[in-house]
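One chain, chain A, appears in both complexes that follow, with chain B as partner in the first and chain C in the second.
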Partner chain A sequence: MAFTPPKESFRGRVYPVTIGTEVQETFGGENTLPFHRFEGEIPHRPLISYEIQDVPPQDWPEVVREPYSDVSDDPVKWAQFCQESLGAKSITLRLIGTHPDQKNLSAEDAVKVVTDVLNAVKVPLIILGSNHIEKDAEVLPKVAEASKGRNCVIGKAQEANYKTIAAAAMASGHKLIAMSELDINLSKQLNILITQMGFEKERLITDPMCSALGYGIEYTYSVMERIRLAALAQADPVMQPPMVADVGMYVWKIKETQASEQDLPEWGSLRERGILWEALTATTLMLAGAELLIMRHPDAVSLVNTFIDEMFA
Partner chain B sequence: MLIIGEKLSIIAKRVREAMMKRDKAPIQEIARIQYENGAGMIDANIGPAEDGGEELMQWMVTTIQEAVPLPVCLDTTNYNAVEAGLKVHNNDYGRPMINSTSNDPERFPMLELAAKYNCDIIALTVGKGGLPADEHDRAAIAAEIMARAMEYGVPLENVYLDPLVLQIATTQDQALKVIKAIEVFKQLNDPPMKTVVGLSNVSNGCPKHVRPILNKYYFLMLLNAGLDAAIADPAEIKEAMEEKPLFDKVLNGEEIEDKEKMTVMKKTIDVILGNTLYAHSYLEM
Partner chain C sequence: MALTGVEIFKLLPKTNCKKCGFPTCLAFAMKLAQRQTSLDKCPDVSEEAKRILGEAAAPPVRPITLGTGDKAVKMGEETVLFRHEKKFVNPTVLALEIKDTEDEAVQMEKVQAVLTSEINRVGQLLRVDAICITNASGEVERFETLAKTVAEKAPEVPVIVSTESPDAAKTVMGLFSGKGALLYGVTEANAEQMVPIAKEAKASVGVRADDLEALSALTEKVKSLGVEDIVVDSGARKAPEILEHNTLIRRAAIKKNFKPLGYPVINFVQREDPLYETLLAGLGICKYASVVVMSSAEKWKNLALFTLRQNIYTDPQVPMQVEQKIYKIGEPDENSPLLITTNFSLTYFIVSGEVENSKVPAWLAVMDCEGLSVLTAWAAGKFTGAKIANFIKESGIESQIKHRELIIPGYVAILKGAIEEKLEGWTVTVGPREANGLPSFLRQKVAA
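Take a look at the complex of A and B:
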């Protein structure tokens, strides 16, 4: 008798989320575990979004600053470079310059950058604040309004500031990232609170909080895996939004992507090390269930894309 | 079912202040209310009580027993305080209980007291190294404690095994494992071992209006598994027992007339069994 491998099927499905207007991208929509195409449907590939900033990336290590050295002084040029030269399918504009400890740029400054970038590129835009609770609550509603109708992703709404940010994203027709701090129950709770405001759960993206390989990634992995199982096996409607992994930000600040070859020759090439670290972190979190990846280095993006190609071949 | 009233705990501000001032009135009032609601024993939790624990425990035991004709559950890690309490305890109201021993060598001496004073003792199935992973882990620890109790001369019928209820808000999967542990504990001896839980820890960290709901229905599920005793709020247990016939129907998948109550019960059962993820607003979904 021929061996028939057992197949697992689930009653739940992840919501597909489509972003952008002129050029659109969709992620999510699967009814099976990551890359388990032999068990269910995965209608969309994970989407990789290139991260850019409103201010020059002075705190990025040289390895990841270098590919953007000619364009990163201007977010418009930077965004165009990602779209035209790197073939980015999506761009993430992080408004880090609005952080009070950074340049403390105003909401008006942020609106100008967002508008300029939106006018310069066609691919879908993800707009992130500086991860400062009060400042994000002030800046994100303004940029949401300024980008009304462009079907962007706004983020990140957290427990302490979700009300204003979610209300603005809702009024301007955007998608919304809801971030909680590595706790599956709090992640569910935040999604409930946001949907109780009238925000459709099908427009949410869950961020369970990322971490880099070697820096607690197993916690992120476990929370993501359990969220995905809740979505599929328990068909939990508030756990069915797709998940984002904000990879670049966490990877390019750790020792392994910064320590020089002089100091640690046994760690090998700094450039290769950083790129592999970002690619491996992203790949690991895709395996845990992330459908949207925010990344920095073009070579790391290429590696991850090759992996996705092979998995979808 | 033995209900051990949980309300006289040093964690509660009003109780703590009364303990510090040796003010009998609030202590006796709280003991009386618990007695009226069906408590069969009163827990006296004085904390670690490193300074003056002996005198405080004696004061608590006599203060409680002046007000209600019940035995006292002596709840502290302080060996001398427990012994002092046992010396003044009025056994005409029933045998006292020690709360608690465990598989941590520092807690073994409590067994010595349980043997010497022929009283009941709660045995937490935890060791020195972290929390038990599941019901099997708990059973293994229970077996070790049982062997040790016999060594110390404590009859097994005086031992109440406590699987250690954990917070559902942070360790949801443990809720069901504790229920299973109660079933497993019963099989460790013939006659079956007695079991006890610190009930309200299940809802620790949950919103105020959710806590009694989780406590009540979790209690009823533990009761169905064979639970013998609970350190709990007797008022909540009273309500739970009134709701038991309806709850058992819902647990069996039957319909009940009060649809709103049925929904609350169903959602809570699903959270306890791990069929849905816990969130503070789980009842609103």
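Take a look at the complex of A and C:
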């Protein structure tokens, strides 16, 4: 029996999304499954964005706080460190300090941090709220306006607050992350609602909600695979934005990245365990379709970069 | 690819004789397509039809067992490309390679690492499943020494014997005769000598070729030599080739019913950096490897790979559940707070993780709601005031705590009245809506 390689091509294509102004990065744009370069085109590599915060990362575990110990008291220094010392291609500024349970910083405080960071770095900036529905609706429009024209990514718009956030992102020329909770139908519905406001679907990034390895990654994995198949095989235009995996935040709060080896000797060295947990969560979700990854530990980022290098060699 | 009812019908006698117990041949064909009856119920079916239907009924990826006894592991039997379509069947076998060129101390350490690798995670016992002994020296004697060590120290662990030398294979396979070993290293060049050695030891055969076409020809050859339990290696070692070959092999088997590649796949992912090696092993787990051979088995690496394998191979149609009971987080005492949530495993993980983050020892009541999350369980009438009250009363927690305060998830604040009505003497406090609000909530609570 002669063997014919059962290669597959698809009608659909993921939209390429370009962010930044002075320095630009593009992700998405492929017409095939993740890393399937043997049967389709993947014009852009997945993009890894380094996460920083507006307030010192007190709730980050020691392993991931340590690389930033000299800079994390100041978002500007922190951003510069990522760009210059770590070679970050993009930076994600999470305005976690605006959360009412955190420091409850005001929209004006947030605007100042965003402006300072934008003035200090050239690489594209992703600006995320604190994931508090009402507060994000208040803070994100202001920071979107303050960063007008810089072609940032603003996030995350959710079902309960997308109107104000999407309107602001649209008016200020930004890209937008639309997040729904682990359900392909909810994800599609939110993308439709946002595009019905006049927001171009080519400027959207879908966040089907991340989960860490061991904490529901199989749900994120399968929702991502289904969204990607809808984009490619069914060529569904609302399902064609690239996808983001907000990896660091979900990984560095679970037990596996915090419990010491003294407490759980059967789990082995905490440092390697934490770094690996973040890297393996990231590569697994890339295999499911994520093109934009938000990550924390420099060593995890470099492992994932090596993996991407090998895939694109 | 399974045949449809109509395709099967065309192969039947079409006499509607009813001897099979069904009113018509078509009805019988439909039942056959759904695998609810078997072809032998038809006394008049032709030999030709038997052959075609028999081939079509065989699973697209051949089932093979590695090892014997309690530690035996199954491979193959997969039916889909994507896990949302149907559960992935037999989890990737993780194998640790031991080379005959390594120091004896290193070899012993590796054997020990496999023997002590077992971890319990969410009720499942997970371990490094197999040892792959590799004849890196090319010498028969050194290989035999290693094989003897492994056979003696780890007699129950399934073994992969990796060599391309028929002499080495012949010497060593006797040690693993009848133990369900895999003789890996069969190539186009040595198949005639190697296959009979595997056959004699009742071992399966691991074949290696340099591309998929050569691989297909090689499996046919091995089959003609009398062994059908085959595990295939396309020669892929780099990530893009592993992904490409594994995908094409799985597609050929499942979508094209291409029998020469309908076998479990083995990937060799050994790299110098154990962290990076883990990422390649992860690629194998996600993308269709039945066996992944690695060069090290650090505890942190095992934990990550066991977890990934468990996650990818769970049944997507069955929500993962945890046992209904009152869980202790930290070392709670009679004054520690009591929280309640549902038994969807994800809910449990996230809530217990956040309670742990708070560093406040607490009692976490996890109620059986058939694996539904809080809001879904409430909407489905499984997380109601009466049921919660009942569960709390029957759980026996009242004898372990002095206070009578129950913290409920913020999303079901509406239940406060109903629970207090049914649970006499208790106060219900509404907690945060999202689990990530728990640390600050609990810290304030104990500070108050």
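The definition used in the following text is that the second predicted complex is superposed on the first by the 310 of 313 C-alpha atoms of A that agree within 3 Å, B and C clash if a C-alpha of one lies under 4 Å from a C-alpha of the other, contacts with A are read in each partner's own complex, and residues count from 1 in each chain.
We take it that contacts are C-beta pairs under 8 Å (C-beta built on N, C-alpha and C of every residue); 3 or more make two chains touch, one makes a residue touch a chain.
The shown structure was predicted, so the numbers you read here are calculated from the model rather than taken from an experiment.
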Partner chain(s) touched by A:Q234 [first = chain B, second = chain C, both, neither]: first
Comparing the two partners chain B and chain C, which touches a greater set of residues in chain A: C
Touching partner for A:W277 - first (chain B), second (chain C), both, neither: second
Contacts of A:S260 with chain B and chain C, given as first, second, both or neither: neither
Which superposed partner A:S69 touches (first chain B, second chain C, both, neither): neither
First, second, both or neither for A:E310, with chain B first and chain C second: second
Which of chain B and chain C A:S85 touches, first, second, both or neither: neither
Residues of chain A contacting chain B in one complex and chain C in the other: 226
Residue ranges of chain B in contact with chain A within the complex: 169-170, 172, 275-281, 284-285
Chain C - residues contacting chain A, complex: 82-84, 119, 121, 212-213, 216, 220, 238-240, 243-244, 247-248, 251-252, 255-256, 258-261, 274-276, 278-280, 282-283, 286-287, 298-304, 307-308, 311-312, 314, 316, 346, 349-350, 353-354, 356-357, 436-437, 440
Chain A residues touching chain B - in the complex, by the definition given at the top: 183-186, 188-189, 192-193, 196, 226, 230, 234, 236-239
Residues on chain A engaged by chain C in the complex (per definition of touch): 1-3, 5-8, 35-38, 59, 101, 211, 213-219, 221-222, 225-226, 229, 253-256, 258, 265-270, 272-273, 275-277, 279-280, 283-284, 287-288, 299, 303-304, 306-307, 310-313
